[in-house]
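What follows is chain A paired twice: with chain B in the first complex and chain C in the second.
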Partner chain A sequence: MDYTALYPEIIVALFALALPAVNLLLKDNKFLAAVSLSGVGLSMLALVMYYVEGLGPLAFDNGLLVLDDFSALFMMIFLAVAFVVILASAKYIEGEKHAAEYYSLILLATVGMMLVAASTDLFVLYIGIEITSLSSYALVAFRKKDIKGAEAATKYFIFGGISSAFTLFGISLVYGVTGTTSFSEIGAAVATLDAYKEMIWLALVMVIVGFGFKVAMVPFHSWAPDVYEGAPTTITALLAAGSKKMGFVAMFKFFLIAMLAIKADWEIVVAVLAIVTMTVGNLAALNQTSIKRMLAYSSIAQAGYILIAVAVGTEYAVTGGIFHILTHAFMKGGAFIIVATLTTVAIGERISDYKGLAKRSNFMAFSMTVLLFSLAGIPPLAGFASKVVLFSSPIMGTVDGSEWMVWLAVAGIINSAISLYYYARVVKYMYVDELEEGAPSEKLKLPRSMVAAVAICVVAIIGIGVFPEYFIQLCQNAAQALFA
Partner chain B sequence: MIPLEFVLIISSVLFVIGAAGVILKKNAIVILMSIEIMLNAAIINLVAFSSYFGDATGQGFALFAIGIAAAEVTIALAILLNLNKLRKTVDVDDISLLRW
Partner chain C sequence: MEIPILSLMLLVSLVGAVVTFSMGKNPKMAKISALVFSAIPMVLALFMLTEYVQTAGGYQFKESFTWIESLGISYILGVDGISVPMVFLTTLLVFLAVIFSWDVDHRTNQFMALLLVLELGVLGVFMALDYFLFYVFWEVVLIPMYFLIGVWGGPRRAYASIKFFIYTHVASLVMLLGIFALYFEAASFNGFYSFGMEDINAVSPMFGMTFQIIVFGALFFGFAVKMPSFPFHTWLPDAHVEAPTAGSVLLAGLLLKMGSYGIIRVAFPALPDGAHEWQWVMVILAILSIVYGAIMCIAQKDLKKMVAYSSISHMGIVMLGFATFTEIGIAAGVFQMFAHGLITAVLFMMCGVVQHKAGTRNIPRLGGLAAKMPLAATFMMIGFMASLGLPGMVGFVAEFSVMTATFDAFGWLLLIPVTSIAFTAAYYIWAMQRTLFGPLTKEIDTDHLHDVNWYEALPLAVLCGLIVLFGMLPALVFDYIRPALGTVLGLLGGI
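Let's turn to the complex of A and B:
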């Protein structure tokens, strides 16, 4: 059997399994972080080889898994998120017990996401989702003495368990109607289906509920702010930038490959859910006092934007969706890591704690401003470029009879305007407002590894924003590979 | 051989019982059990369809799903044990520190 298509996953999995053993030899937290970083780096190198050598689509075992432009790009995104999170964690979890297990679980969660990106079969997709979910339940509960973390983990696994039960039931019905679990074969079977259409509709509802929990789609979003607030902040970054994006990959594969033939039946549902999700997320974010909750609701709103890509479902729309997933991973991951960095120097998680931040650390205030403005979609940052592609897709790609999709773009733009209010409020706090009386005012001494992690995100956001063509081309290749 | 419809009715009933348990029960361990019932309903489906088609894929999938469900219970119980140690309760109504 040829394992070439699996090398990126195998490398990360081996490092994940080796880490607890390495811990027996050397108990140094920084060393463990360095080992896991090198694992992620090696895996990225394997993907770079794939791109440079132009190896083309590589299938594993009659197409249970495939390494093509789509999966390679998403693996790259997930690995980049894991890299930034591990880099920031080296300092963030210093002094905690079980560091080896922490890194090991992060790597395993990444393997799960990569498997989802590579899957061409519902079987592998489900197992990938579960690997990621199980690792992240444990990661959310990582601080055993922290009551908030324990409560967040309880909520997370209850909602995650319901989500996986719904997904599995939906998958079993799809298997029952079509007799296969391969996406392309399901797609062919659904296109010529004459009986049991109701069964497929039931399966679609179940899968929408299941994936809806994963991507925090309204009305299945209520867990997200609680879990994001209670989890260790670096893990929040992993959840928001990594495991949520995995849900979108699963949605792209399930809806746009397997269920493309009956798109007319579900597109209106997904479109309405997209509009509701972005509106509820933005309105709830307006009056949050905790920065982590505000970012969590903003993350829900962004999920609504990305859902536009699923609802429109053209190649152009998926290009926009992938591009927005790429930029959002850096924007949200970077923003949460800034929050994590500031908590290590005793700045709290309330938004009012950020008053006068620019006077204490210019770099942190500037980075936060860049990332928040990018989330709002202000040029020349990356969030603007990806929103342009995403929001223009309902207008560019409409076929006859779906002119109503223009409203998706309208809703997205109105929502971006609303969101500017709460992003700009944080920027005002940091730059305009004075420090609170009695608060310490000396310059902050920030841990270097975390500053590096933030810098990677900021550079990526500005770089993608200034030179979007190259990245749009990458995303377009990925979208073509998805539909091929 | 048992007709397919009967098995599907059983699995649907199990799924609904599980879903009702998740919604109505307040004890986190009972909720965990209800989630397991929902997962088992899906697994019954997979095995039933697999034997109906005479295709092994579904049974392989079912085995993996059983393994995943077991792993989920272990992690969930560990989390609940820790919660019980900190809060002296596993009642979901008392899990109320995180609100807006």
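Let's turn to the complex of A and C:
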């Protein structure tokens, strides 16, 4: 059997399994992080080879998994997130026990995400989701003595388990009706289906609920703020930037390949959920006092934006969705890593703890400003570029009878305006407000590896924002591959 | 090879901002760096003024590069007779604002760098010939101004800066929706997707009527907030009162002009039929702004707030000129943009001087300043006189032409806006009398009252000189503006 298509996953999986063994030889935390980073780097190299050599779509095991432009781009995103998270973790979890397991679990979670990206079959997709989910339950509970962390992990586990059950139930119904689990075959079967249509609708509801939990879609979002707040912050970055995006990959594949034929039946539901999700997320974010909760709600809002791509469902819309997933991974990942970095120098997680931050660390305040403004969609940052593609897609995709989709763009733009308030508020705290009386005012000494992780995100956001063309092309190729 | 003079101006501002920002350790060097880097664009702008062929019309110094190919977005710059005076005004005011801010000692490098970033954004707005690029520069302007108000502002700066940011950002987003609508509508006529202004304007007369009316409304809202026009003006007094002097100068002198520039550069040519349908709304809002702004001025106790409201009134005159749809009206509107930029800069600088020397801008607490600071009083009187429209100064030419055009277009409706001239004279002369003349007040420490410093006198003198120069020889500016109006008038149907 030809394993070429699987090289990126195999590399990461091997490193994940080898880490506990390495730990026996060398217990040094930094060394373990370096080993994990090299695993991620090697896997990225394999993907770069795929791009440079122009290998085209590679299939594994009769096409159960494929490496094409779509999966390669998502693997790249997931690996980049893992890279940044591990880089930041080297210092963040310094002195903790079980560092090897920590890195190993991050890598395993990444493997799961990569499998989801490569899957062409519902069951493989489900297995990928489960690998990621189980690894991340354990990661959220990593600081098991921390009460908030334990609570978050329990909550995450219970919600995650229920959502998996829903997903599985939905999958079984689809299988029962169509007799296959391959996306393209389901698509063909659904297109010509005459009996059991109700069963497919039921399956759709189940899957929307199941995936809805994963991407924190309203009304299945309530776990997200608690879990994001309670988890170690580097893991929050992984959840928000990585595993949540995996949910969108699953949605793209399920809705836009398997269920494309009956799009007219579900597009309005997804569109309404998109608008509700972005609005609820933004409104709830307005008066948060914890920066992690605020970012969590902002994540929910951003999930609403990305759902526009599913609802519109054209190739251009998916391009926008993928592009926004890409930029959001850096924006949100970077923002959470800044929070993590600051906690290592005794700056708390309340927004008011950021008062006068610019005086203590210009770099951190500047980076946070760039990332938050990018989230709000201020040009010339990457978040603006991706929102432009995403929000223009409902207007461009308008065909006779679906003019209502324009409201998706309007809702997105109104929401972006609302969101600026809470993003700008943080900037205000950092730059405008003075340090509180008696608070320490000396310059912060920040761990270099974490600063590097933040710098990668900021450079990516500015770079993609100023020169988006290449990335739009990448996303367009990915979208084409999805529909091929 | 031709020198890409417009890009060069943008690049110098950007590089200047970075260099100036990096001089955190040495405030003196930061100031000098900002001075040099703001002088270069001004010299380039002067060079551009001489090289520009007035009679040729159309866009000159054009540069065009593909930026985001898949969306039809290009980096196109170019100037015509409408933007040339604005570009010059921008470089001049930023240069003078840098000099005027010589005494800023709190985070000097950041302050100066932000002024240069602001210059980058404003210049970009006046040069961009691609709607997308236009929007990018439009938004770039917000960020430095937000920080200028937020960090160096007065006591309520946090509130004012956020209000400014959100209010104008919301307006920008509505405008962005309008721009998207243009983009897709034009593509259905052109057969290709492009944000290029010339590409879109080429097919704009073919757009459907309903489409034009709705989209013009969206664009007009975006620009009216920025100008600002009654009833979207409430962010302006707050922002001005809290902003540092240089911030106020650039806010009133340049940022407000972006709004009116947007109407003439974006809204009119892209939606000529829509403009006709909205004509009366524009006229009514313009007149309301003129009269309401003037009446509000009389009631103000804060000198700076008074000047802020006078800006609303004077920007109303710009809109009234545009709304006539006649050559003389639009030309006068553009001239008023230029004139108001010069005059309002003097006024806000004087507010800064008074605040700085006397410790308060509260008009009832001031009095007799002329005795202690004769030079300052002279500048202030020139500014007030120019603003109230004294013949021989730049404001008179602009207002008189607009009023003439208004009479030609709307007849005796002119009587309503013309009342503002009386109100304007009233509040300026009354304010002058209370602050500059009369006995020295006991409210303030008059013993330590000094006249203006060199770094304050120099920009004020330059501006006052230009106010008189262009007041005597308005043709210097009109010769640029008038040949350039052919395109927009042609699209509007040349009434």
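Rule of thumb we're sticking to: the second predicted complex is superposed on the first by the 484 of 484 C-alpha atoms of A that agree within 3 Å, B and C clash if a C-alpha of one lies under 4 Å from a C-alpha of the other, contacts with A are read in each partner's own complex, and residues count from 1 in each chain.
Everything below uses one rule, namely that a contact is a pair of C-beta atoms (placed from the backbone, for glycine too) under 8 Å apart; a residue touches a chain by one contact, two chains touch by 3 or more.
If you're wondering where the values come from, they're calculated on a predicted model, not measured in any experiment.
Visitor: I'd like to know which partner A:E469 touches here: chain B for first, chain C for second, both or neither.
Guide: The second partner, chain C, only.
Visitor: Touch check for A:A261: first (chain B), second (chain C), both, or neither?
Guide: Neither chain B nor chain C is touched by A:A261.
Visitor: Taking the superposition as given, does A:V276 touch the first partner, chain B, the second, chain C, both, or neither?
Guide: neither
Visitor: Quick one: classify A:L420 as touching chain B (first), chain C (second), both or neither.
Guide: second
Visitor: Quick check on the superposed pair: does A:V432 touch chain B, chain C, both, or neither? Answer first, second, both or neither.
Guide: After superposition on chain A, A:V432 lies in contact with chain C alone.
Visitor: Can A:S392 be said to touch chain B (first), chain C (second), both, or neither?
Guide: Only chain C; A:S392 stays clear of chain B.
Visitor: More residues of chain A are touched by which partner: chain B or chain C?
Guide: If we count touched residues of chain A for both partners, the winner is B.
Visitor: Can you list the residues on chain C that touch chain A in the complex?
Guide: Against chain A, chain C makes touches at 67-71, 132, 135-136, 139-140, 142-143, 146-147, 150-151, 157-158, 161-162, 165-166, 169-170, 173-174, 176-177, 180-181, 183-184.
Visitor: With touch defined as at the start, can you tell me which chain A residues reach chain C in the complex?
Guide: Contacts found on chain A: 373, 378-380, 384-385, 388-389, 391-392, 395-396, 409-410, 413-414, 416-417, 420-421, 424-425, 428, 431-433, 468-469, 472-473, 476.
Visitor: Under the touch definition given earlier, write down the residues of chain B that touch chain A in their complex.
Guide: Residues of chain B touching chain A: 8, 15, 18, 22, 28, 31-32, 35, 38-39, 41-43, 45-46, 48-49, 52-53, 55, 57-58, 60-61, 64-65, 68, 71-72, 75-76, 78-80, 82-83, 86-87, 92, 95, 97-100.
Visitor: Given the complex with chain B, which residues does chain A contribute to the contact?
Guide: Interface residues on chain A, with respect to chain B: 123, 126-127, 130, 134, 137-138, 141, 144-145, 147-148, 150-155, 157-158, 161-162, 164-166, 168-169, 171-173, 175-176, 179-181, 225-226, 229-230, 284, 288, 290, 293.
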